[in-house]
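Got a structure for you, written out below as C-alpha cells; questions coming shortly.
Residue numbering begins at 1 within each chain, and the chains themselves are lettered A, B and C in the order written.
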Amino acid sequence: MGEGARDMPKTEKLVWRLKEIVGESHIIKEPDNLKDYGLDGKRPKVVVFPGTISEVSKVVAYANEQSLTLLPMGNGTKLGMGGIPQKMNVVLSTLRLNRMTDCDCDNLTLSAECGIPLGEAQKRLSQEGKGYFLPLDPPFTKKATLGGIVATNSSGPRRLLYGTARDLIIGTKAVFPNGDIVASGGKTVKNVSGYDMCKLLIGSYGTLGILCEITFKLLPLPERTATLLLPFVRLEEAVQFGREILQSQYLPSSIEILNEMVVKKIKPPIAQQGNYLVAIGLDGVAESIERQVSEIGERAKKKGALEIAVLASETHPSFWKAIQDFSEGLAEEGANFISFKSNFLISRCEEVMGSYEKIARESGVDCGLICHSGNGVLYSYVLAGKGVRSKKESLLNLIKEFSSVAVKNEGHLVVESAPPDIKKRIDVWGEPRGDYEIMRRLKKEIDPKGILNPGRFVGRI
Amino acid sequence: MNRDELKVQFYDEVAKCNHCGFCLAHCPVYTVAGREWATPRGKNALVKAIIEGKIDWTPEIEETLFRCTGCRLCTQTCFPAVETNQGVLAGRECLVDRKQYPKVIDRVVEALESHYNILNEPNVNRTLWMDKLEGIPDHRFQKEKAKVIYFVGCVAAFYPMAHKIPQTFIQILNKADVDFTILGGEEWCCGFPLIQAGMKDKMQKLVEHNQEKVKDIGAETVVFACPSCFHTWKEKYQTDAELLHSTQFIERLIGEGKIAFQNGADRTVTYHDPCDLGRNSKVFDAPRNILKKIPGLNLIELEGNRQLSVCCGGGGDLEMIDPALSAAIAQRKIEEIQRTGTEEVVTSCQQCIRTISGYARKHKIKLKVKDITEVVLEAMG
Amino acid sequence: MNREQMVEELSKIVGKENILSSETDLLLYGYDASLFKGKPDCIAFPGSTQEVSEIVRFCHREKIPVIARGSGTNLSGGTIPTKGGIILHFSRMNKVLEIDIENQRAVVETGLFTLALKNQLARHGYVYQPDPASEKVSTFGGNFAENSGGPHCLKYGVTTNHILGAEVVLSDGEVIQVGGKVLDAPGYDLTGILVGSEGTLGIATHLTLRIMPKSEAVKTMLAIYNSLEDAGRTVSAIIADGIVPATLEILDKLTIKAVEESVHAGFPLDAEAVLLIELDGLKDGMERLAERIMEICRKNNAREVKSAKTEAERTQLWAGRKGAFGAISRLRPNYLVCDGTVPRTKLPEVLAQVMEVSKKYGLTIANVFHAGDGNLHPLILFDERDEEELRKVHLAGSEIMKLCADAGGTISGEHGIGTEKMKEMFFVFSLQDIAAMRKVKKAFDPEDIYNPGKILPEVQT
C-alpha cells in the first residue's frame, strides 16, 4: 500500500485539527524547525504547544482517536533518557503550561503547572513570607521543568533528608491517553481517598498520562545551611566515614562521595584533593549546624580526612549546583560520554564504586562518580572520547560489567544517556524484572493504543 | 442464667465494645491462638449476638467462652474498660443451665460436693505436705483458737509441685512467732473453680463453711498464699476478719521486725505479677517491697509488669479445660522472662508456679521458678 | 461452590486445622472496627506466601472473593466481606524476617504487629516512623493496605513513604516482588500504587521497610486553650513561622473529659481544647524553637503552656492522645470516627461547621485530630442499638465529608474508603478520575476477586 499517499492527508488533517485546538501560533510544523525536536534519528510531524489542560486533553483525545503517538516534552533536558522511540508523530510541549495555580505557603503546598522550570518556582517560593522551598534538587538546575523532573523521577543529593518526588507530591492532574483529565490526591498532606495514582505517574516517563499540574509539599527555608568538604585518600575511608555519619543521629541533608575525576572538573574550594571527596550538606537551625560542622569535622579528621573545608551559606550553593549540573557541564564541553544511574544496597557503595573504577580503568576510559552514598544511588560518567565506533565493543562490555555489578548488589543499572551507536545495541533500562508483566498490563489498560511515548520505557513499554 | 437475664445484666456492658481490636495486642489466648474467637472483642461480639438472638448457643460458643484465663488484661487495656470476663462468666452460667459445658467440670463439681477439694481426695489429706517437714509440733498447726488462719488452698495442699509453698510459709510464720493455725481437713475449697465454671450458685455451702470456721477459731486475720482464694474471699465472702495475701502479711512482719534477713542473695531475679493478686486484687507493691529488702537481690521488671502483667496461662480453669492452650501461653510467659536475661523468676501464686515450671521442666528449659515465700525463707536463714 | 467443598479444597492447602467455617466463626470475621458487617464463606490461615498463592489461585479459578485481614482494626469497613468469600487471616505470618541495620531496612511478614517491630528496633537505636494510633495491634499488612498515618506523619510522612518493597500475591496467584531494599527501581512505582489500595489490587505477604536512627532529642509540649479555634489558629501560626514540628495534635473538650476519665493524662477538664506539640531531631536549638512555639501559643491565647520534663511525663501526655478514641466510648456506647482532611489553614473554619452539623442532627461530636496535617477526626457518639440515631450518624458523617471536600480537602486522610465512603468518592473525584482508577484495578485484578465492593463506586455507563 502507498504509505506516503495515506500519510500526507493525515498529517494535514492533524495540523488542521491541532490548529483548531491551540491556535496557529502554537504549532511548529516546518521541517527546519522540527529538526530541534528530533530524537534518536526520529522526527515528529508536528510540535504542539497547548496552553491549558483542556487543550492538552483535546490534543490527546484526537491523537488517541487517530492512533498518533505523542511525546511529551518540557525543556527537553532529559529527552536522551529512555529507549529509542518506537514512533514519534507529535511532540506535545508543556512549556505554555506555566502557571503557579495555587501557591499556598501557609498550607505548605504549591500547585503548579508542569511547564514551569523548578528554578523559577524556587525563586518565587523563596520570596513568599519567610521563605519556602520545594525540597527537590535534581540536575539541570536552570532548565528542568516540574513535569520533566516528576515524569523521570529526577532527584538530587538532598534526597537523603527530604526524599524524592514520591515523598513530596500530594496531587496530580494528568491527561490520560483517552483524553480524560484525571485528578488524583489533592492539597492535603494525608490522603487515602482512592488509589494513589500520583505514584503511578511519577517516573512513568509520560507513558501513562501527560502530567499537567502537580501539587507539592513545601518546607520553610532552613535557617542555616553549610557544607563540609572532606577529602580522603582511599575509597574505603571515604565510604566508611559516610556510613558512620549515616548511622549516627546527625541529620545531614546529603552525603555525597565524588571521585577524583569529578572533583577535578567541579574544582571545589579545597587545598588538598585526595582521591575521593565526601561532601556533607547540612540544613537546619543555627545551633545544630554549628555543632554538626564541628563534630563531624572532628570525626572526619580522626578517620583520615586530609582536610576539613567548610562552605558557609554563600559558597555552598555553587558547589552543589556544580554537582547537580555535572552532566550538563560535560555536555557543554562537548564531551562524548555515557552516563549511568545505578542503585544498590546502601552498604555496597564501596564495592560498586571500586568495581566501576576498576572496570573503567581496564577499559581505558575515564569515569566520574557521584554517589548519593546514603541512598545507594550512583551516577557514573564514562568519557568515551573520540572514536566511539572503534571502542564500541569495549564500551558495550563495560556497560554489561557495570550492570552485573549493580545487579549483584541487589540493584539495577540504567543507561541515562549514550551515543546513538551504543544506545541501539542495548536496553537502557536493563533486564525487566518479575513485576514487568503487571506493568505491561497497566500500560495496556490505560493506553491500549500505545500512543504515549511508545518504546521508551522499561521493557519497551 | 438465661438469655433474658444475660441481656438485663450485660447488654449495656458488651454494647460498649466498639470492636476497635486493641485488646488483640494483649489477650494471652489470642496471642497464641491467633483466632478471632479467642479475642475479648470476639467474646463480646458473641455475647452480644446471643443477646440479640443473632446466633444460637453453638458448640463453638461453648469452646470460646470456656477459653478465657480471666486475667482481665483486656479490661485493663480497654479504653471503655469493657468487663469482658464478667460477660464470659455469665455466658458460662447460661451454658451450664443448658447443660452445655466441658464434661471435665463435672468431675470438679463432684469432687467439691463429696470431698470439698478439687482433687476428689479425702479432705484430711490436705496436710500431707507436712509429712516431709521436720520438727512439726504435735498440734500440726491445727489449733482450736488462733489470731491468724493460713488458708492453704487446694492446689498448694494437693499438688506436690506446689507443696513447697505451705512448707516454707509455715516455717516463716513459725520463725516469726505468729499465732496461727491452718484448717486442715476443715478447710474447704474457696469456690473459685465454681465461679470459673459458671456455677457460682453452687459455692454457697463452701463459703458458709469457711466463714463459720473463721468465727470458730476467732481469727482476726486470714492469710492466703493463693491469689485466687484471696481474690474469691475478698469478692464473695462476708467476714469481719482481715484478709491478707501472704506477701502483704510478710511485708507487715518485716515492718514489725519479726522477719529479718540474715542471708544476702547476690543474684538477679524478675517478678511475675499473678493476675488475681496484682491486677485483680491490686497488690503490686508488697512483693516488690519484700524483694527489695533482701540484701543483694536485684529485681528486673518484666516487659508486662504490674497492671500490664501477662497471664502465665494457668488462670480461669484453662489448665483443666485446655491444657495445650494453657501450655502455649506459659511458653510465651517463659520467653518474656528470658528476655530479661535472668534465670530466676519469683512469683506469689502456686498456679503460676505450676504452669511456668511445669512447662519449663517438660521442655528442659533452664529456669528457676520460685514462690516468694521460698526466697524469703532462704534469706531469713 | 458450596462451603463443604470450599473447606475441603482449602484444607488441602493449609490443613484442616487452619480453616474455620462454623456459623460462629463466620460471625466473628464479619466485622471490623467500623459500623459495617458482612459474612464470609470461610476463613483460612495461611502460613506462607506459597500457601497464600495457592489459596488465591484456587479462588481465582472458582471466582471466589478474597479478603485479606490482619487485626481487623479498620475503621472504614475495608475488611468487611460484603460479597462473601474467603478471609485470609495473617495471624500465622507474623515474623520479623530481617533487621538490616547496615542498609537501614527491615523485612517483615505482614501479620506482624507494628509495635512488635518497633520494640525490636529500639534495641538497635532504630525506629520505623509511622505510628498509627492502633500500632500496638495494627498489622503491617493493614498498614500497607490502608496507607496508615499517625501523629508523627506531619514530619515523616505516612506509611507509603516508609514501605520500599513488597512480596505480593497477584489476583491470579502469581507471586511478584515489587520494589525492594534499594531505591529507584526502574519501572512503574508498583509499591506506590499498591500501598493504600485496601487489598483490592494485591495481597502483600512480606514488606521491606525503611528504618532510621532514633532522634537524638524529643520535646513534647502541651498548650491549653479556652477556645478550640485559638488552638486551630496556633497550628497555622506555628507552620507560618517556618517551624515543622514532628506532631501537632488537638483534643477538644469532650475528648479531654473522656481521656481524663480513662487514662488521666493530666489535661484540665475545663479547657476547650489542648494542643499537643512535639519537636524531634538534634538537641541543639530545640529549646530555642520550643520557646518560640510556646510564645506563638501564648500569642494565640493559650491560657497555659507546659512542656514534659521527663520521659514519664511525655508518655503520659501521649497516653492521652493515643487513648482518645477508645476513651470516647465511655461517654456513649459507640462512636463513628470521621476521617476528613482539609488544607491546614481551613481547620478553624471547618471545625466550626462540624459543630453546626452536630447541632443540626442533635448528635454529640467530639474532636481529636492531627491538626498539623489538617486531618480531622470528628467522633460522632451514639448507641448502635438505636436505629434512628444510627441513621442520623451516617447522614452526619457524610455531611462532614462534604464539608471537608468543599474546603479543598478530601474524604479520607488515613482510614481508607472501604465500604463506608464509596458514594462520597464523588465529592472529590470525577467520573473520569474513577474510570482511571478502575483501569488500574482491571490491570491488577480483572476478575474482581480481591476485596470486591470497596473503594470504587459503581459507575453507570
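By our rule, a contact is a pair of C-beta atoms (placed from the backbone, for glycine too) under 8 Å apart; a residue touches a chain by one contact, two chains touch by 3 or more.
Keep in mind the model is a prediction, meaning the values are calculated, not measured.
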Give me the ID of the chain with the smallest distance between its Cα centroid and the all-protein Cα centroid. C
From chain A, the most remote chain by mean C-alpha position: B
Determine which two chains are connected by the greatest number of contacting C-beta pairs. A-C
Rounded to the nearest Å, the gap separating the Cα centres of chain A and chain C is 32
Need the CA-centroid distance for the pair chain A / chain B, whole Å please. 66
Geometric centre distance via CA averages, chain C-chain B, whole Å: 38
Of chain A, residues touching chain C in the complex: 104-109, 129-131, 153, 155, 163-164, 166-167, 176, 180-184, 186-200, 202-204, 208, 219-221, 223, 243, 246-251, 284-288, 290-292, 341, 343-347, 375-377, 410-412, 414, 429-430, 432-439, 441-442, 444-446, 457-459
Mind pulling up the chain C residues that touch chain B in the complex? 20, 22-25, 27-29, 31-33, 45, 71-73, 89, 91-92, 94, 113, 115, 134, 136-137, 262-263, 323, 325-330, 333-335, 383-385
Per the touch rule above, chain B residues touching chain C in the complex are 12, 15-16, 18-25, 34-37, 42, 45-46, 49, 54-55, 58-61, 64, 78-81
Within their complex, chain C touches chain A through residues 101-104, 146-147, 149, 153-154, 157-158, 160-161, 170, 174, 176-178, 180-193, 195-197, 201, 213-216, 236, 239-244, 281-282, 284-285, 288-289, 341-345, 370, 373-375, 408-417, 421, 425, 428-430, 432-437, 439-444, 455-456
